[in-house]
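Following are the structures in question.
What follows is a pair of complexes built around chain A, which joins chain B in one and chain C in the other.
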Partner chain A sequence: MPSKIYECISKISESIMANKDYLTELDREIGDSDHGINMARGFQAVMEKISPDDSDIGVALKKAGMTLLSKVGGASGPLYGTAYMEAGKIMIGKTELLPEDMKAIFEAAISGIQKRGHAVRGEKTMLDAIIPASEAYSAKISEGSDMISAFEAACSSAREGVEYTKTIIATKGRASYLGERSIGHQDPGATSAALTLEAIRDYMKGK
Partner chain B sequence: MVGIVIVSHSWKIAEGVCDLAREMANGHEGIIPAGGLEDGSTGTDAQRIADAIVEADSGDGVVILADIGSAIMSAEAAIELLEDEGREINAVIADAPIVEGAVCAAVEAAGSGSVDSVLTSAEESREVNKL
Partner chain C sequence: MKKLINSVDNIVDEMLDGMTAAFPQYVKRLEGFNVLVRAKGPSDKVALVSGGGSGHEPSHGGFVGRGMLDGAVAGEVFTSPTPDQIYEAVKAVNGGKGVLLIIKNYTGDVMNFEMAEDMASDDGITVSHVIVADDVAVENSTWTTGRRGIAGTVFVHKIAGAAAEAGLTLSEVKRVAEKVISNVRSMGMAVNACTVPAAGKPGFELEDDEIEIGIGIHGEPGTHREKISDVNNITDKLIDKILAEGIYSSGDEIALMINGMGGTPLMELFIANKHAHEVLDGKGIKIAKTYVGNYMTSLDMEGFSVTLLKLDDELKKFLNAPADTPAFVQF
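What follows is the complex of A and B.
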């Protein structure tokens, strides 16, 4: 049987592949029209790199991160690559994911993305989806919710974050050249981040 | 001799800038391109950059020049990959245009400059007037 982390990353990869054209279309409007293509190329390589026998969550995440750093090509490569690498570092040796681990993964991924991109919330980036998702998840867990309910809340907050990116000006990346013309368009990176979280949720729910 | 790595989204740009820089630094073997992705497509690849840093280093450190967008982030990620591997290479990124910066850096490196002086040389190239 394939390991859990392999199945979860497969689910993320399937979602990225299925939304390749959609992500590229979003990026055509405010960027350089390659987000979907780049992410799909990255995840195709990730699936070649990780193995169904990789049961150590940290090892699998680090392999995925290394591959994304190398194969994506655009800005999402070092950003997602660093996020997976940082999450991997804290999960080395673990084969089961506890609610607290997921909280730590969110925090490690966010600090990795911030370190790499020198961005903060409100700059029309993937952080505008991931930070609210992380906060919603942590709040639910501390209220005593189970992991799936907490992750549902995280996904709703991520989608709200994606909607919020339509209302703000991009100050990072290629979209920043557009200034106010970036308003009205949702951020492709925030969208792929929301898709990633929804894929993890679907994996948890056994969909 | 301080090594120089040229990072570009395009392998042609990276190779071409290295060719120009080498002309100014007779016999300097540590001027290494890290352009594009492995399959030749446009983009930057942190692992490729990390390999180039290792190749460029002769023990005296490496100055990296990078072009637009993700090039700087990938170069930073490459330095961290090497740190994670426990390699002790003094690799720094220059805040400089890659063509002018590479030529100035190559001259300084060939003249037995240090990482600091090669970095300064590359960064000072920003101030050189063309007209």
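What follows is the complex of A and C.
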């Protein structure tokens, strides 16, 4: 039986692959037409690197992070790479994901992305999906929700965040060169972040 | 899409092998990496490494050689190279006097190069970097990631390269590179967008009578669109925007570069150059040296950019110094 973390990362990878052209098309409008291509190249390599026997969540996440760092390139490579590596660090030695672990993963991923990219919420980046998702998740958990419903809430906040990116000017990344012209377009990185969270949700729900 | 390629996945790999096959006297490829270094190996001087996404040929591999770069890292088409690749380049070219990274100002490039710098510093290699941001099309406000690095980068390679060859220390080479950066400005336009092979269609679409002003070098849209006019008029617009920076005035000496975007006939570049000379002469700006050609391209994009570099005695000396590389030979 493949490990849980292997199955979860496979699910993320499938979703990124399936949306490769969509993500690239979004990047064509406000970037340089490569986000889906970059992410798909990265996840293809991740699937070659991790093994169904990797049961240590931390080890698998760190492997995934290192691979993304060395295969994706662009802005999203260091950002997603760092996010997975930071998440991996706090999960070393664990084979089960508890609700508090997921909260810590969100926070570690966000601080990793911010350490590298110096962006805050509202700059039309992946953070506009991830930060609201993290907040919604934590709020649900502290209300006593179970992990799946908390993650459902995280996913709908991430989608709202993606929609919100259409309304704002990009001030980080390539899209910032467009200034006002970036309004009306959805951020590719926020979209890939929402897809990632939805894939994790689908994995949790056994879909 | 019509392209002379074999497979989209092997473009960078096959191109690099083709370059080493063409210029074995200048460059060799680091086994297993998308990195070109000088054929002769590291020497006893400050080493320069640049790089970025592929698709800008001859940048940057074409400038590896005596008097310019020591190593060039090639990312996927229009995508910054990854830290591990840059780190290998730094290790390979380090001759003990330190390594200067020349980075074009893009979020991805800056992050990946800085991570490589951290990795190499952890190994005890002295590494420093400069960031080129010469594109005046992008307003330099706190609201953006700053200006993009485009064709002006070639002047940084040339002048910092000559400074390193002359035996200057890392901090001195860096100072010279930064002097170039603060005195160089560029602006570009496109008649037609380029097609990223993996994407299969042009980055933007223009009507038959439309041009895009203020484009970068990645097929990204520019600042605005307008109806096409004659090349003198277009050249005026690019130069006016550069002169509005207020750093070039009558009596100054400059170097001029008319850079083709990859799909523009040299004939058209020379016509633009003729007018650029007339305009700058008319303003009393003295052109000490002119470069016309494809230096920093954008795949098959049709269009050009104008770059002005204000010279002082030091910059002039290093600009005029010899260089011997696949794409830049000067004696």
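Keep this in mind: the second predicted complex is superposed on the first by the 207 of 207 C-alpha atoms of A that agree within 3 Å, B and C clash if a C-alpha of one lies under 4 Å from a C-alpha of the other, contacts with A are read in each partner's own complex, and residues count from 1 in each chain.
In this text, a residue touches a chain if its C-beta (ideal position, glycine included) is under 8 Å from a C-beta of that chain, and two chains touch if they have at least 3 such contacts.
What you are looking at is a predicted structure, and each value in this text was computed from that prediction instead of being measured.
On the superposed chain A, the two partners chain B and chain C do not both fit; they clash.
Contact with chain C, but none with chain B, is seen for A:Lys172 once the two complexes are overlaid on the shared chain.
Looking at the shared chain after the overlay, A:Leu69 reaches both chain B and chain C. Once chain A of one complex is fitted onto chain A of the other, the partner contacts of A:Lys124 are absent, as it touches neither chain B nor chain C. In the superposition on chain A, A:Arg181 contacts chain C only, with no contact to chain B. Contacts of A:Thr24 after superposition on the shared chain: chain C is touched, whereas chain B is not. Residue contacts after overlaying the shared chain place A:Ser33 against chain C, while chain B stays out of touching range. The partner that reaches more residues of chain A, of the two candidates chain B and chain C, is C.
Applying the stated contact rule after C-alpha superposition, one finds that A:Arg159 touches neither chain B nor chain C.
With both structures placed on the common chain, the touch criterion links A:Arg116 to chain B and to chain C.
Shared contact residues of chain A, touching chain B in one structure and chain C in the other: 38, 69-75, 77-79, 116-117, 173-174.
Interface of chain A with chain C (complex): residues 24, 28, 31-34, 37-38, 41, 69-79, 116-117, 169, 171-174, 176-179, 181.
Residues 53, 75-85, 106-108, 111-112, 115, 137-139, 143-145, 148, 196, 198-199, 201, 203, 216, 218-221 of chain C are the ones that touch chain A when the two sit in their complex.
Against chain B, in their complex, chain A makes its touches with residues 38, 66, 69-75, 77-79, 81-82, 116-117, 173-174. Of all residues in chain B, only 9, 37-38, 41-48, 69-70, 73-74, 76-77, 80-81 touch chain A in the complex they form.
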